[in-house]
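Down below are the structures I want you to see.
Below are two complexes that have chain A in common, paired first with chain B and then with chain C.
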Partner chain A sequence: MSVRRPLPRWADVALLPLLNLLLALIISGAVVMLIGQNPLDALRIITYGAFGYGEGFGYTLHFATNFVFTGLAVAVAAHAGLFNIGAEGQAYVAGIGAILVGLTMDQTHWLLVLPLAIIASAAIGGFWALIPGYLQAKRGSHVVITTIMFNFIASALMVYLLTRVLKPVGQMDPTSAAVTGAGKLPQLRDFMSFFGYAPLNITIFIAIAALILVYVLIWHTRLGFAMRTLGHNPVASSYAGISNSRLIMITMTISGALAGMVAVNQVLGVQARLQLDFPSGYGFVGIAVALMGRNHPIGIALSAMLFGALYQGGLELQFSMPAITRDMIVVIQALVILFTGAMEGLLRPGLESAFMLYGARQKAAAPAGPGS
Partner chain B sequence: MDLDTIISVLAATLRLTTPLLLACLAGLYSERSGIFDIGLEGKMLAAAFAAAAMAAVTGNMWAGLLVGILVSIGMSMIHAVASISLKGNQIISGVAINFLAAGLTTLLGLTWFHQGGRTPALAEGGRFLGLDLPFAFELKSVPVLGPIYDGLISGHNLFVYLAFLAVPLTAWVLYRTRFGLRLRAVGENPKAVDTAGISVVKLRYQALLITGLLCGVAGAYFSIAQGSGFGNNMTGGRGYIALAALIFAKWRPVPAMFACLLFGFLDAVQIRLQGVDLPLVGQVPVQAIQALPYVLTVVLLAGFIGKAVGPKAGGVPYTKEN
Partner chain C sequence: MTNLKRHLGALTAGVAAVALLAGAALADPAVIYDLGGKFDKSFNEAAFNGATKWATETGGKFQDLEITNADQREQALRKFAAAGFNPVVVTGFAYGDPLAKVAAEFPNTNFAIIDMVVDAPNVRSVVFDEHTGSYLVGAIAALKSTTGKVGFVGGMDIPLIHKFYCGYKQGVQAITPGAEVIENYTGTTPAAWNDPVAAGELAKADFDRGADVVFAAAGGSGLGVLQAAKDAGKLAIGVDSNQNYLQPGSVLTSMVKRVDVAVENAFKDGTAGGTWTSGIQAMGLANQGIDYALDEYNAPLITDDIKAKVDDLKAKIIAGEIVVHDYSSDNSCP
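What follows is the complex of A and B.
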């Protein structure tokens, strides 16, 4: 038997993920049919809801902003061979930083609030990821298990803080006080009425900057090179004189800091207060986004848009097809994770054979040169 | 604290421990064979829904249990195909299974039963009720031992007894049978098992079959034994606590029981302690107790109290050399 040739690069980075996505969507379509609805109608409504008009598109971009942050968080860790399942918890605790800056600086100017909120959220989100990183690096605990545990610890901590500490006296709801002045970040709709009431805000530019910064970090800096080396071969990186344990801690901190940006977007950009469970699953979607996007910023931007569209379109779908709730999006997300992540090996051998066959036929069709 | 209170807290502990224990043992089979399983939660949730749906439609608890088990095994087999046959990433597969269950149970629940994601309350015969052990009533008047027998040991449903019976059974299978020996070996050194002419793939599939079975029972417990009908996200993260207990027990069956009992006890106490002033410490925030299993697991994993080292081959797909 001949040795399998690897796929051409374009097929590996674009065709295979697209085929896997298609597979996930086909099965999602089957689920839609199972609950007695027309999947093509559903797809049409989702597409229109997500891209068809200004406000819908604004929401799509807003959701995509969150997914860029969590997708990058998962991807940065993945480059160093670490699986950060804790983006959800890291974004959650980062909310403390965002709201404290927002409340204390409420009387100043948003130009002051934004950078400070970014720093505070990044610091707290990064710290929440640094602990699992430290435990992995110095004590050998598996970062996957620790980050899962830290999601739950974060959740308990935040419930405690919101019900006992941050809640204003005399208020029933477990939320913090609201920011009303400079703490509320500028909305894009104030400049472009095109976006209707969509909560798209200045944070989207932070997301774009984060995409570029991560690209530069991973592929054009010493640190990024060291991270990728660690991810490919931890033994090699330690022989190359890189301190693996330091690198793990730095990587996890960056990862958590990126996840923390969700807090800036949600807390100061949309809700204007700290609410219970405000990351509502964005951290977990980041896993799917990073997998779909092959841990590359361009891929992450595209898959963040895809999931943003699914989230917004899914909301729209709920109005026109009440049978299909937001949970359909969770199903699609699960199938995308399954096929592009865990079952990647399903289509690859077939695709490789197809390419080899195609390649062989091309060779046969070409006129035989000298020496062949 | 009088005897009645203690007995009722301990009885609640047993009821809350049951699903943890079943899921924990489920995870034990999988992880001992070298397959990480963070999808315990998803399998339980799917089983809870399937069992309640079937029991609601047929009015038969056994049919419910059977379908719950089948669905859980089905999901376990997805995990098996992804992580054994396709050599995919076991963590990612587990994450996918958890989301799949979370999404599908709510979605199908809404469209099939139109009760906001709940399944209809189960009628007589659709649900496993408490079993009165012999002489529970007669012995009730015996001081101390009577109430303990009647209130703590008797009166639970079948699943509770099954879960605790599964502990010695698992210990026996793991340490006294040929299958158990091979299972432990395949999690530590699959190559050695392969060299001995035993199929690594088959062993791991068998292990995941048992994992599916036990998760199915655990899930059914939620909806057709402890509760009456399925509610949204009914398992509430118990699958992750079971995973924590498994690590806490260092992947051994009898310690797994004690870890689950500890976490079950914390759960029972937390319900009791809401709004109660304790001497010296004052009111303990409920959240602190809720977070305790996770904190304890992190501390243990970090080697600050003992050291938890999992099966060596865990998480690594086995590729046979040619």
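What follows is the complex of A and C.
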């Protein structure tokens, strides 16, 4: 009986996800073929649409920016063993902070607006996650349930605010007043015409900084160590003298604050106003992004890019191949999530045996190897 | 490296060919739906039906697109305009801002927007007087009600639907002063447009509280209200399209909002042989853009007496003798 040997690290981190992605694309191709379209053309359109030209690439990066924030939000909580499904709602209410800063500081300078908006959005988003954190820590209400419920409370609160408080009179569209001056963050297209009309803005640098900060936090600080300990074994962390309940609340606050950054990007970077339902699913896709990225910043950056490309390429595909509806795009995205997230173990046994076979052969070829 | 370059070259050529193909369809009209999606059994579907009607009648071709994300509105508009589609019709007030931007970039393309006013020389803004139509069905509801209580089930809790509610309430109270109108909304997320179960439960609750007619201004969710009315032996009022046939005998009438006609007209006027007009196009009672539905399915429910009274009210609104307050003018309802 041969013992299962773990894969080499490079295969585990790079090869396996790539194979999973390939499998998802092959199945998606079959679905595309079923409705009578050429899957290779479809793949070409998606790739070109997402990476082939400046504006498309700009949109891909823009979507990826949001996915990085929500992916990190889910990942930070996941390291502490908490499943934060509420990034959507946390980003949504954080919009209040972003727009209030944007509107009051509209006559100043974006250098002032940006840090204040980050603080305000992070504070409100963090607060929105702190409540479920508190309920988990002190009352034992499971965060999965409470964060989902807080998504609904968030949407009810925001609809109330947008339709009855923030909406200027005489306007049909339930949005806040628009920021027109310094409140609107600088767009990268103003400096690089390469990006065409893409709404990519300065927040992408905040996203990159967030990736680095989360890496440092999780693997190079005492807080991160405590969070990972809690995630691996709550009894052990408690025994080690860590206050689990306090740590849960801190983790959830950080997680919510990260989700809140979506508001800075969407409200001040793109739409220049607070719109109804502006997180439009970024929070939920963030779960898939974190899952695919194995809760590691590098993985999250890559999977955020992948989902950004699917969003952007998907629209191009719908445009160029009218037979492919937006539901088809969702099917393709779902297949990618299924194979790279939920079924990521599917190819592992096969790959492990392949490596063992390959390893055995190499050893057999080598002179005087310790026999098979 | 050169290999890679060759591949890239081939890729670009392929895409250029695709772009060229799209360009060959010059001056075809296009419609871009709102997030609700093409087959929402309501607003967007009405736009699709109007476009399809135009296509079958003229033999023309049109292209359409469903966006998945609010950030794609501007991009989709620009893509259609750049590919030479003309006219480009968008459905829903949320397209207001993106259209204002894109319309300025493409002065030679005609655009039409439903439910919103965009002030540009190449944009036709189609707005509906939902409040007057709602007033009429409110009057019908009050004339039919024996309990003096009627219900209202809205879709998403947004100003546009408040406008429906406000007109409805005025119509009810014009007939029965002091009548109670129970106001409900299905939800606070876009999912509220497609949740017939929740809307049906709200209607049942209204019936339990003594209402005997419920107006569903809830898109696809309204189907649940119609079903609940049938189950309870009460009456419902449909919206947007004529929904009388869905539950014959249980649908008192429908407040029709002819989005399909608006799209069809835009396609007709904007393509060869038509004359395009920009500016605000108000669809109201006078030009049948808004009306209450009367057909063989609800004829037994609408007595001659009711019909005479409602048609009288309609004539008075058209003549300006009755002014129905528009919620969106000041965000409040008297």
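We adopt the following convention: the second predicted complex is superposed on the first by the 363 of 372 C-alpha atoms of A that agree within 3 Å, B and C clash if a C-alpha of one lies under 4 Å from a C-alpha of the other, contacts with A are read in each partner's own complex, and residues count from 1 in each chain.
Assume a contact is a pair of C-beta atoms (placed from the backbone, for glycine too) under 8 Å apart; a residue touches a chain by one contact, two chains touch by 3 or more.
Predicted model, so just to flag it, every value in this text is computed and none were measured.
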Touched partner set for A:325, first chain B, second chain C, both or neither: both
First, second, both or neither for A:186, with chain B first and chain C second: neither
Contacts of A:159 with chain B and chain C, given as first, second, both or neither: both
Which superposed partner A:59 touches (first chain B, second chain C, both, neither): second
Contacts of A:277 with chain B and chain C, given as first, second, both or neither: second
First (chain B), second (chain C), both or neither touched by A:346: first
Touching partner for A:234 - first (chain B), second (chain C), both, neither: neither
Contacts of A:174 with chain B and chain C, given as first, second, both or neither: second
Contact residues of chain A, present in both the chain B and the chain C interface: 152, 156, 159-160, 164, 325, 329-330
Chain A-touching residues of chain C, taken from the complex the two chains share: 11-12, 14-15, 18, 22, 35, 37-38, 63-72, 74-76, 78-79, 93-94, 96-97, 115-116, 156-160, 162, 188-190, 328-331
Residues on chain A engaged by chain C in the complex (per definition of touch): 41, 44-45, 47-48, 52, 59, 62-63, 152, 155-156, 158-160, 163-164, 167, 169-174, 197, 199, 266, 270-271, 275-278, 280-281, 311, 314-315, 318-320, 322, 325-326, 329-330
Chain A residues within the chain B interface of the complex: 31, 34-36, 83, 85, 135, 139-142, 144-146, 148-150, 152-153, 156-157, 159-160, 164, 284, 287, 291, 323-325, 327-335, 337-338, 341-346
Sites on chain B touched by chain A in the complex: 36, 38, 78, 81-83, 86-93, 95-100, 102-104, 106-108, 110-111, 237, 240, 243-244, 247, 285, 287-288, 290-291, 294-295, 297-298, 301-304, 310
